[in-house]
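My questions all concern the structure below.
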Amino acid sequence: PPVTTPPRTDPAGDDATVTTMTSLTTGPDPAGDDPGGWLLDLMRVMAPHPRSITGDGVRATLADVAKHIPLVVHEVPSGTPVLDWTVPREWNVRSAWLTDPTGRRVVDVADNPLHLLGYSVPVEARMSLDDLRPHLFSLPDAPDRIPYRTSYYNDNWGFCLADELARTLPDGTYTVHIDTSLTEGSLTYGEFVVPGRGEETVLVSTHVCHPVMANDNLSGIAVATRLAATLAARPQAPRFTYRFVFVPGTIGSITWLARNRDVTGRVHAGLVLTGLGDRSAFTWKRSRRGGTTIDRAVELVLAQSAETGPGATGEPARLVDFSPYGYDERQYCSPGFDLPVGRFGRGQHGEYPEYHTSADDFTFVDADRLAGSYRTLLQVLNVLERDRTWRNLAPYGEPQLGRRGLYRGIGSVMGSKAYEMGLLWMLSYSDGTNSVGDIARRSGLSFDALADAADALAAAGLLAPA
Amino acid sequence: PPVTTPPRTDPAGDDATVTTMTSLTTGPDPAGDDPGGWLLDLMRVMAPHPRSITGDGVRATLADVAKHIPLVVHEVPSGTPVLDWTVPREWNVRSAWLTDPTGRRVVDVADNPLHLLGYSVPVEARMSLDDLRPHLFSLPDAPDRIPYRTSYYNDNWGFCLADELARTLPDGTYTVHIDTSLTEGSLTYGEFVVPGRGEETVLVSTHVCHPVMANDNLSGIAVATRLAATLAARPQAPRFTYRFVFVPGTIGSITWLARNRDVTGRVHAGLVLTGLGDRSAFTWKRSRRGGTTIDRAVELVLAQSAETGPGATGEPARLVDFSPYGYDERQYCSPGFDLPVGRFGRGQHGEYPEYHTSADDFTFVDADRLAGSYRTLLQVLNVLERDRTWRNLAPYGEPQLGRRGLYRGIGSVMGSKAYEMGLLWMLSYSDGTNSVGDIARRSGLSFDALADAADALAAAGLLAPA
Amino acid sequence: PPVTTPPRTDPAGDDATVTTMTSLTTGPDPAGDDPGGWLLDLMRVMAPHPRSITGDGVRATLADVAKHIPLVVHEVPSGTPVLDWTVPREWNVRSAWLTDPTGRRVVDVADNPLHLLGYSVPVEARMSLDDLRPHLFSLPDAPDRIPYRTSYYNDNWGFCLADELARTLPDGTYTVHIDTSLTEGSLTYGEFVVPGRGEETVLVSTHVCHPVMANDNLSGIAVATRLAATLAARPQAPRFTYRFVFVPGTIGSITWLARNRDVTGRVHAGLVLTGLGDRSAFTWKRSRRGGTTIDRAVELVLAQSAETGPGATGEPARLVDFSPYGYDERQYCSPGFDLPVGRFGRGQHGEYPEYHTSADDFTFVDADRLAGSYRTLLQVLNVLERDRTWRNLAPYGEPQLGRRGLYRGIGSVMGSKAYEMGLLWMLSYSDGTNSVGDIARRSGLSFDALADAADALAAAGLLAPA
């Protein structure tokens, strides 16, 4: 897309001359015939990289993303102060395993990155089972699953394993081999900007620090990548500037915020993406303030687009008020920034038993659900792009639509009724205080039908941007 | 009623000296012993006139109304610009019929005005059934009913007939005879003003353009006439000026608005009336803004007066938000005017199968339902008249009502409890921000009981107009 | 407690230096091991005094209260103007009885103070049953109960008795003996002030004019006394000044208001107490304005503390909007004062059949319910004391709690989760607009848990008073 800077007089790209915006969701599916397959393929490519909040796993993941969008990769040195935090040492894993008294290898990080407690310090030691126990993590309630555990800011080491294995370990002397490095390296994150006609920014953020797991968080990385690719491929620059950030959780968004204080002042709307592939209904976690641009856009789309098709749950989407616990919305919505950012996903962290275990694998996610998430998010971006406030230029009585060719005669075909209602609603409520989205909420008519009606009325000289 | 202009210092007639207003709804029924019969009689007299948006049918209808109230009839010449529209040519029908190949008269407007497409141009022609078909309108889903159809602003002609007849027409040559005139005449509407003690105006509007049909709209014309007659017969001038307008739909209200821009600035409340005789529960369609004077008055009356008696449905009244589709509220509530006007009726347009067909006849309406509509509307006007905001002159602690004779001793008779509660509620909430209607809504006590309590407290020097 | 006046610069005692306040509800039960027993004992001591709105019964009752708190007793002479009223003559009873034609004593006030109509004038007379009947009061629907009746402001006399007795009285001549006095004496009320660190005042009011009855109103007097004793025994002066008033109903609160106009201007919150011992769920009658400090505190406590234990109903507490009928909240909430005062109790006046009859006795109240009322009210005072608004001093991103020792590592113990959530909620919403109570309502976390988290964050330098 063109990278020319739009004129400064119109920060939101909301100029009166460009009044017609094609819907992002019409025409051939912008993600191709099989977006679900595309997303799964990308997730499978990224799955093996040993992700953590720093290190080569993140770099390899961002390199996969960069095959689809021209990602800019940032490296921030260990020790850099970021808000109240400091960028930690970089962590990398060469090898790690545990052998039992008979020499049998109990677990090996080469089999599954979850086996190693994240940020384990290097260890070469022999010890009794009793001394080892505090370093073993398992799930008695889900004995066949490996848990996901980390210890980023307390030096520690450990192995995560299935409880059915942990419970049967024989007494004796164990050998611990953990060949990791904690060095003055850097924290890595990626960023891709789709310039808009204005500088007001839509932020799309996803974390890139979870190893292996498919729903949390490969699905978020893949969907964010596809949304970015779709927007970048549009012939017309979007109204807003879109900024896609791929950051390690917590410390990554804190680092991004510390380095982008200028951007935070012009965030029009934002979404944190994760958990987009499981079979639950959608969950929208509202921004801290609630009722912001993004809350209204997402809630409208969710109200108007019940998910259908193969695998759809038929359950209504859930709207959840902000709480200061979860993913990076915690940082974007911290009271100093208080950005209009919410979180979009399906099942919520901690609510499904596969969460943060080895059971969050490729059997847990579904191509149709991934495609449904992608298409719904595209509708959300479409509402952001097309929502605007108009003013009726002939507000005294109804204008005579018939003589302007906007109204049919007798026996009009089915479907035109919704269109004619769209004309009447736009004229009635375009008093400078209601946007297209507001009118969609009030009327129950579809957002795109109203936006199309507004374009037709503007072409006939009956509406002007407010 | 006296037509003297009240002094300009009190536009709403809300002077402090006139504090006691008799309820409009007490005493002998102001519509006589049988308001339902009275309304049906007037509807039957008006039924045969061939109403349309212009022409002699409207004039004859207004002449019937003028037998009960001193109506002023306005004629606005064809071609007059009114807001975004132009007054159309005047349409009159001398005769119109269709004969089949055997010479049998298939339909004749002399049998039912609905048979002729409204505003049909003159035609004398012979044509095949195939050429005729596009000019025949019937209802396959209601094969025994004649639909009501018009083509005001596209030159066209046609016949409306029962589908069971339309389906059995033999092939061959048909003779079309439509002897109508479209001339540079005028649009006709009627207006009657009941001067009030103030100039703030209550608008009551009903359309007069629908042929034959009893519920839509003979019932509206009749009830508006009776309300006007009742108000005009009151010994005391009302607080507000009441303006009853009898206009053809859409173009009539647009014409009235274009010619009464000064009045629109002082509309305190307004009602569009139609569909008052069918057996559905009441429907209140709110004004565009909602929560205006008229919305609050109607919603209070509907909440406090469940309809009872013979034929009552027992269903709760429906409150419907404004939508820019319906009757003349579309014009009064267009965003440039945005008047506090809603629509009062029973079944809603399009929701009952008899709507806009020959089945909306005198079997479809009911004397008791007509009387119930009339009495409920009188209660609404009563609330408008008596609702005002008072100020407690002894606001520190409760005043001692006993020594002022306002409170009973031990063993007080039943019923006085409600009266004493009315005194306490009026004293407690008359802080200058709550009107009698607000206090009725909050307390659940009846509006008239509270208004009576306020009058008693004012007489005792404990309340004054705020 | 210390009675030194706090410095004037901090009317609410809300100084930044005192940030940690111990919960009123933690530690050993401040009412001792058996508050229910304590309350019942005091109620039994006060029961026999012949209370009315004036007279020696009130004085004896206040003397019992003064054994537990240093009550100041005020005497206001008959004839004193108080707001719209005048302090009435003082009424005392020496003896009163009625004998039937056979000389049998039908009723005697010595058996039950309810037998004499309150404020009966002195009478010595013989009369027929017919002449006597208008002076006999009974309850046909509850024939075994003596009703409670008064005639304060109309000179009258009478006897109250069981209807089963009244119905069987033989014809003949009856002897009426009523030896009462109505003299230029005084109205008596008690007041106890617990000075706070600030002058902003919490008002706790209970009436002291009902004879004999246990729930209405011995329970209110006892619970108010115990709350006052508990607050006075605290080692630290409370944040607010607490003013406990023991007044005869209506005329007493009117007298107090007339004499304390300066105090009314600094009432931070207030409660009228009565009906605290019956077995109904709690009822909170909101202040006239609703949503005031006291409404929010009580509604939070009721939402968070479902009553449990022996005899608990399991019913949810009831929240009732203000109405100008009830107890002394009528006076405190009269529109001139409009204080943030509501009424706390269990069953409401008029809703339980024992109300204002001899059946409101010690079988009708329950030690556990009394203790539950007391403890719940202590929680309300605790919320008033501890609720304040903080400001996050590190609002950009989340502060790193781990390095401040506020956050646990892996495998944190159960329970600490709620504590950590409390830290996050306090940080997220302490933007200067939300108090601890607001955050409790929003998060569903317990008020004391959040207040404790706020204290810990303040100690770590992360929060400061807003």
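Observations, loosely collected:
To keep things simple, chains are lettered A, B and C as they appear, and every chain counts its residues starting from 1.
In this section, a contact is a pair of C-beta atoms (placed from the backbone, for glycine too) under 8 Å apart; a residue touches a chain by one contact, two chains touch by 3 or more.
Nothing here was measured: the structure is a model prediction, and the numbers come from that model.
Of all residue numbers used where chain A meets chain B, under half belong to both copies. The two sides are thus made of different residues.
To overlay chain A on chain C by their CA atoms, one rotates by 120 degrees, a value rounded to a multiple of 5. Taking the mean of the C-alpha atoms as each chain's centre, chain A and chain B sit 54 Å apart.
Not a single residue in chain A touches at least two other chains. Interface residues of chain B, counted against chain A in their complex, comprise 83-85, 117, 137, 149, 151, 153-154, 156, 158, 250, 253-254, 257-258, 288, 321, 323-325, 330-331, 333-338. Across the interface of their complex, chain B is touched by residues 392, 394-400, 402-403, 409-411, 421, 424-425, 427-431, 442-443 of chain A.
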